[in-house]
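Both of the next two complexes hold chain A, though its partner changes from chain B to chain C.
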Partner chain A sequence: MRLFLIAILTIVVFPNESVAMHIAEGILPFKWSIFWFILSAPFFIYGLRELKKKTSQDLSFKPLIGFITATVFIISCMPIPIPFAGSCSHPAGTAISAIILGPAISVVVALSALIIQSLFLAHGGISTLGANVFSMGVAGSFIGYFVFITARRLNLPLVVSGFLAGVFADWATYLTTIIELSAGLMGNTTFLELFNKILLAFIPVQLPLSLIEGLMTAGVVSMLYKKRPDLLIKLNILKEKEA
Partner chain B sequence: MVKLFLIFTLIIALLNSFVFANEKADEKWKGVDEVIIEKIAKEHGREPSEPIINTEQGDLLLFLFLLAGLLGGFAMGYYWRIILEQKRL
Partner chain C sequence: MEYISEYFKRKHFLTGLDGRFKLLLAILLILMIITYEGLFFPLIIFALTLTISLYIKIPIKILLIRYCEPLFIVMVLIFIKALTDGKEPIIIINQPFITFSLFKEGLLEGLLLSVRIISATSVVILLGFIMPFTELISAFTWFKVPKVFVEVLVFSYKYIFILLEEAQVIFNAQKNRLGYSTIKKSLNSLAILSGSLILKAFEHSQNTTTAMSQRGFDGSIPLMASKAFQVREFLAVLFFMIIVVFIYKL
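Up next, the complex of A and B:
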């Protein structure tokens, strides 16, 4: 506890420059852009199959996809000012889509949001789309979902599980972005050297931002619990006795 | 103890905001995506290229962000209403 408080204080007293995800057009070398496209493709194809399967089984799933996609789109392009860091960054929102729709469909949701952002909002890029989909869609969704499921199996309350999923999905997204940048840009420096440099720049903004992401995820899960607990039971998120 | 710590942290954070606002006025509140990633990329010989559709012209980007928020917000509200209506069916 004391160590945690010291860490928080250090970040506040010595603010640093910070970075965020959504790698811009042309930042990654061509071979790395292709690499991340190839790595993301199977997840996207699997996500599309899941989407088709679920929507054909249950038509009521479609409005939920529309609602969650719009939510992820807005959240992932909403810059939030972080006073400690003196700069803005944005959450990813993929923990919400992973919990509600499943991690595979969440990859498709992330891709949809990222394409519009890179084409019309100068946010991200088409050449770096594979890398951005992998960090936000794949890493964020699967880690967020895994944390949520684990927390539920440990009998943690729904809202707490949602909060933890949001926090860890955010960290997973940004850690993957650091890996992508370090691998693509290392040049003469070592991978670890660049990784640590970017990681240190990330912490002041990502630590508070991940808490915001956790609160957002918990908020959406809680809202659905209050308004449509039957839907959460149908999606296997909630047990009948908890409703 | 924790309460005192939180108050102290908040005061330090607010003071720091003012100090750094003067020191780095140009960089204050800039999107970190561009400021640092692009900076590190430049240090390593990579320059960001122009977006395929360049919307960073005057207030065009501001308009598009507003439009995206408007349409996204409308879609959220529309589908949320359907989700609530499904309950009544």
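Up next, the complex of A and C:
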């Protein structure tokens, strides 16, 4: 009953804008901030290596990454009304970057977008950068990419694969964020108890949002297929015979 | 994009301070806030950063927008903590179908956490307003952040404004054609908007590479080097840090 009450009151009391995408500055205790930085570091280093490899082969890759980061930045700043919850939230956009650039480079893209957002929009934070990179960049990108590849191997249509990648990337991002918050804030309660409560508070906004993110990712893949199938072939997303 | 902090840069007493000092000070202050167990230090830092923000004439509307997110999070956190954490109830609400209590321990813990969040966020907010992007990049270069990452940051920041203008044009065109009049139409319009942005990103990257190659682009861009440290600035920062550490230890 108490859990249900938390979920209901969170929606009723704070109906205007839910901006819970990135963990804000100062929320996580010092040891957890460091922990998430350490956990994100190998993925970032791997992403940088991939980036260096690709930029040495193709001069246009660096400007492309700049533009994709800018797109992720804009998408993750788009306030989207959530009709069921009566509030606004925003998608992550990392599924799109993971499909186009690969999950490792998508981590670098996420970190760039997060640095600009935290410093120039106060959205996210410096001490929580590691945690935000891990949820949005690592979990979102890798799960989104894995789902997309698996769906393609199962011969699902490109648009359906894109939709599933967007939905799962969003879920992965939010589940990881909930884990990070529960671990950092549990205090006298147990991890699982707090996890359930935050999950309940997130569900009314994030469930519809994940479907919107899925539709956006499907829209991007579909538009690329219709207008520039050559790019999908170049990026190894599509085989030549499918174009 | 008039809400981005750099849009409000003005000449004031912090403009001339070296970007490396600003970045280091901000990181140190945040670390001290999140490691401090109590209300005193975070409240002092919050009061200080808010005073400086108002003194350097950051519009109050913009400051309020910046504080909206942490304030929202703070309210939810206090509420969740008060409702779940503790044994000593301070308020018990009995209604026909529901009964719930707000606990003292949870409320106090929630308040402590909230002050920490607001204080740490105020440091980041101020940093955004006093540190231009070029200074951040030159500080990153000096701190030996991998060059390829710094270059990606430079490209990204520059292209945000280009893509944002285009996103605005597409959005306005969709809105004028009732593209956001129903939920179904809104979803369709958002998917088209995202797809169009990605297509624009590809087109721009190709055109930019061609233009830059013609101007001698070999894969890396020159980054601004940091100037030498000023002794006067170093001493001022050191003095400030001594006072801050003193307050922290009180």
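Everything below uses one rule, namely that the second predicted complex is superposed on the first by the 220 of 243 C-alpha atoms of A that agree within 3 Å, B and C clash if a C-alpha of one lies under 4 Å from a C-alpha of the other, contacts with A are read in each partner's own complex, and residues count from 1 in each chain.
One rule holds in what follows: contacts are C-beta pairs under 8 Å (C-beta built on N, C-alpha and C of every residue); 3 or more make two chains touch, one makes a residue touch a chain.
Nothing here was measured: the structure is a model prediction, and the numbers come from that model.
Superposition of the two structures on chain A shows chain C clashing with chain B.
In the superposed model, more residues of chain A are touched by C than by the other of chain B and chain C. In the superposition on chain A, A:Leu231 makes contact with both chain B and chain C. By the touch criterion stated above, A:Leu119 is placed in contact with chain B and with chain C alike.
Once the two complexes are overlaid on the shared chain, A:Ile96 sits against chain C while remaining clear of chain B.
By the touch criterion defined above, A:Ala201 lies against chain B and chain C together after alignment on the C-alpha atoms of chain A.
In the superposition on chain A, A:Ile74 makes contact with both chain B and chain C.
By the touch criterion defined above, A:Gly187 lies against chain B and chain C together after alignment on the C-alpha atoms of chain A. When the two structures are aligned on the shared chain, A:Glu25 is found in touch with chain B and with chain C. When both structures are laid over each other on chain A, chain B collides with chain C only at 202-210; the other stretches in 40-48, 130-138, 148-156 or 202-210 stay clear. For the contact definition in use here, the residues of chain A common to its chain B contact set and its chain C contact set are 5, 9, 13, 17-20, 24-29, 60, 63-64, 66-67, 69-71, 73-74, 81, 83, 116, 118-123, 125-127, 185, 187, 189, 194, 197-198, 201, 227-228, 231.
Contact residues of chain B toward chain A in the complex are 2, 5, 9, 12-14, 16-17, 20-21, 24, 27-41, 44-56, 61, 64-65, 68-69, 72-73, 75-76, 78-80, 82-84, 86-87. Residue ranges on chain A touching chain B, taken from their complex, read 5, 8-9, 12-13, 15, 17-29, 60, 63-64, 66-67, 69-71, 73-74, 77, 79, 81, 83-89, 116, 118-123, 125-127, 181, 184-187, 189, 194, 197-198, 201, 205, 227-228, 230-231. The touching residues of chain A, when paired with chain C in their complex, are 1-2, 5-6, 9-10, 13-14, 17-20, 24-30, 33, 48, 51-52, 55-56, 59-60, 62-71, 73-75, 78, 80-81, 83, 93, 96, 100, 108-109, 111-113, 115-116, 118-123, 125-127, 185, 187-189, 193-194, 197-198, 201, 212, 215-220, 222-224, 227-228, 231.
Residue ranges of chain C in contact with chain A, taken from their complex: 3-6, 26-27, 30-31, 33-35, 66, 68-70, 72-73, 75-77, 79-81, 83-86, 98-100, 105, 109, 113, 116-121, 123-125, 127-128, 131, 133, 136, 146, 148-149, 151-160, 162-164, 167, 183, 186-188, 190-192, 194-202, 204-206, 208-209, 212-213, 217, 219.
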